[in-house]
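Okay, structure first, notes after.
Per-chain residue numbering starts at 1, and chain names A, B and C are given in the order in which the chains are listed.
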Amino acid sequence: MAILEIRHVSKFFGGLAANSDVSFEVPEGTVMGLIGPNGAGKTTLFNCITGFYPPSRGEIVFDGRRMNGLKPDKVCKLGMVRTWQKVRPLTNLSVLDNVMVGALRRTNSVRRAREIAFEQLRVVRLENKPSLLAGALPIGERKRLEVARVLATGPKLLLLDEVMGGLNPAESEEIIQLILDIRGRGITQMVIEHDMKAIMRLSDRIVVLNSGEKLAEGSPEEIVNNPEVIAAYLGVEE
Amino acid sequence: MPLHPLCERAMSVFLQSMISGILIGGVYALIGIGLTIIFGVMRVINFAHGELLMLGMYGTYYLFTLFHVDPFVSIIIIIPLMFVFGALLQKGFINRVLAAPEHNQILLTIGLGLVMSNAIMLAFTSDYKILSTTYSSSSVKFLGLSVSTPLVISFAITAAITIALYWFLLKTDTGQAIRATAQDREAARLMGINVKRMSIIAFGLGAALAGAAGSLISPTYYIFPQVGGGFTLKAFVITVLGGMGSIVGATLGGVLIGVAESVGGVYLGAGWKEVIVFILFLLVLLFKPSGLLGKSNV
Amino acid sequence: MLTDSLTRPAVAASRLPTALKIAAIGAIVVGLFFLPRYVESTYALHMMILIFINVIMGSSWNILGGYTGQFSIGHAAYFGVGAYSVMMLMQYRQIAPWWGIWVGVLAAVVVAVVIGSICFRLRGPYFVLASIAVAEIFRVTVLNVKGVTNGAEGILVTEIPPLTIGGTVITDWFSKVPFYYAGLVFAILIIFVTWLVRESKLGYYFQAIREDQDAAHSLGINLTFYKNVSLSISAAFTALAGSLYAVYVGFIDPGTVLGIDVSIEIIMIGIIGGMGTISGPVVGALVLVPLSEALRSNMITDALMKAGVVGEESKVGVFLKEHLSQAHMLIYGILVVIVILFMPQGVLGFLKKLTTRKARS
């Protein structure tokens, strides 16, 4: 069953088509990789999906429900959350408070939110520094914090935007394990990533965007052997 | 074909207020352009802009009363003086908060404005001063309507300054560097432009234009230390109307506000004309915050 | 190390044990309740009342500005709504102020929600400008509808009906003591409300909005709704401060309660003391009120002369004596510049920084 359906979605900014007639489905419980050269329209698609702006054309259907025009907070309440390409810690709040903001989406009780927050901090292995200000964390931990925060909202679908960007191999490996762990809990994920090896390991299926259009879709093996995909990436790889 | 006398009267009242509005609008444009340049280059909202105008007014007043320099001539002195003052302000104060959160920048300029207006009040008292020249209340005939002479002269000077400014920004290296910095600070820096220097020049320019505007309106406005506040707000309305960072927008915005105020003042009474400007402001902020001309570059 | 690059300690939790804190606060509150018994100077009471009003003004602004990050420089609108409501009701309908203030609070909340729904879609400096414009619209309107508000002449009410409960007269409002207690109670109330907000879901959501609106939005926070809640609380208490001020002083006009000077003084309390903290506005009030009173009453000039820094007959001395009392806005301006440049976290933040540096070394 597809938890997310992207049907002929286009997004225009003035004369520029950032997304052009993109269609695919994300099966529930899987990890969907979203790749493509810079400027392919991946983050734009995320922004459309999560309600930061509506698609110019097409439909976004989540859990059987049409999402076009819904605001980001409504989207979150329905079970879809995203992380940010440029990570956004709530700098002056502590690690714990950051995650509690996410948890409060699920409960009105501050005490219950604190419990949920601690759980998620354990999942991302940041439970040893709850009182530290988020702004004091190094980049790898900020990314994990952001993941904990969105997990705390209790999502059905998690959109991760270059969550491994700027991380060293050890940090990236931690994120990969995290994503597999989240997958094990039954949460569907869509992952934008430039790290090809990681995408190959993580994804059940991959969609390739290029210049706003969907170039290809398929299993990791199919994608990695697709000549058009290789051509689009020539010179951009690694 | 002759119109009914009442109709003709109404027409001439309307035209009169339109023309006054356009003339004063020119000066408003100067204020707006100054503010928009500062915003364009530094992304700083200068809440002390009206006080810079006020300083121009006081400078002009004392040049007139002590040295008998005609206000429209004293612009030649006021502009470079205010330019230096603005540059020093930027270097000494504004520069330190360019990287700070926005509200700190706002507060700093508010604080500087308070210091300027209250220092002047301490030095020269809050008495209303009037600068009257021989031609302060004379008027010229234009298309059968009488128009205030000082307004006409100030409009002419404003036009000259604006043309000079456009030439500077379009044709000189420094001017183009300023525009580049306003468009994309990082890219300008990478291209080798000294953005720090551009910021200093931009603030100096903004201050000079505000001061010039002060000189130009000194024959027709009461001069007192708190006069700046109303102009700061007006300057914001103008720049938001025209699009923050757009000089063309500020030019048109200034004229528009001048006309709206003038026409509104005639038909709704002097007390309400400020409200018109603010309501216009809110409407623009709500429906077209990028300004009537949209997001333009300097 | 990353923590050194931040201006505040990396550990967000407070250093003092909570029990000690509560005991200290309790002692101070009890002390304040008993103060009028032992302090008879009307001037001291006057200062305390001003401090209480400032605490209320500063703390209420702090909820919107410090915690939610919405920088309104138009809070005079709510202050004025409170002031005018209570005064107009007393003057024209003979309604006692202890009922009138709640009308003021209600009116302020209604006004706040309307303004908020319009202005909260604006961000950063645009919101600031809109807030200023709105307050100015209020001021000019009140100034012009002379029939209703008496315009520039203002409203003067010198006779407050005696407060009676079941036949016994509690106070006839002649001394300052009842105003002192009114101020104290409301100041404690706003501080308590601030604490409640901070510890609740509202507090977390407000601060999330302050830190990063888009992130907050994506985490399920309805921005406009929560900003409006914050503004409503803020406006309600600002109106309360305005009402208290109006009844205490006995005279209001558009300039004194709706002018931009009022809005600036309101934000200064939080800025000087420290935004986004409970005690910040209190510190701000404790700094600003004595300072402006000292300036107004020439205390500073006298002190400088006594200390021999400035000669009594000297030019500087004469100048200071004549003018320093009018200089309080100038001093405010200088203070703002100094605080922004050197103590952007306010006095409180600055002191915290000093103590953590000491602790580390």
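One rule holds in what follows: contacts are C-beta pairs under 8 Å (C-beta built on N, C-alpha and C of every residue); 3 or more make two chains touch, one makes a residue touch a chain.
For clarity, every value in this text was computed on a predicted model and none was experimentally measured.
Peer 1: Enumerate, in label order, the chains that touch subunit A and subunit C alike.
Peer 2: Looking at subunit C and subunit A together, no chain touches each of them.
Peer 1: Just grab the chain with the largest centre-to-centre distance to subunit B, centres being mean Cα coordinates.
Peer 2: Between subunit B and every other chain, the largest centroid distance is to A.
Peer 1: Suppose each chain is reduced to the average of its Cα coordinates; what separation in Å results between subunit A and subunit C?
Peer 2: Using C-alpha averages as centres, the distance is 43 Å.
Peer 1: Quick check: how many Å separate the C-alpha centres of subunit A and subunit B?
Peer 2: Each chain reduced to its C-alpha mean, subunit A and subunit B end up 48 Å apart.
Peer 1: Could you put a whole-Å number on the gap between the CA centroids of subunit B and subunit C?
Peer 2: Between these chains, centre-to-centre, one finds 33 Å.
Peer 1: Considering subunit A alone, which of its residues make contact with at least two other chains?
Peer 2: In subunit A, nothing touches at least two other chains.
Peer 1: In subunit C, which residues are in touch with two or more of the other chains?
Peer 2: Residues of subunit C touching two or more partner chains: there are none.
Peer 1: In the complex formed with subunit B, which residues of subunit C make contact?
Peer 2: The contact residues of subunit C facing subunit B are 65, 71, 73, 118-119, 121-122, 124-126, 128-130, 132-134, 136-137, 140-141, 143-144, 260, 264, 267, 271, 323, 326-327, 329-330, 332-337, 340-341, 344.
Peer 1: If you look only at subunit C, which of its residues touch subunit A in the complex?
Peer 2: 2-3, 6, 8, 10-13, 199-201, 204-205, 207-208, 211-212, 214-223, 276
Peer 1: Residues of subunit A touching subunit C in their complex?
Peer 2: 50, 52, 71-73, 75-77, 81-82, 84, 88, 90-94, 97, 100-102, 104-105, 108, 110, 113, 131-133, 135-138, 149-150, 153
Peer 1: Which residues, counting only subunit B, touch subunit C once they are in their complex?
Peer 2: 45, 93, 96-97, 100, 102-104, 106-108, 110-115, 117-119, 121-122, 229, 233, 236-237, 240, 271-272, 274-275, 278-279, 281-282, 285-286, 289
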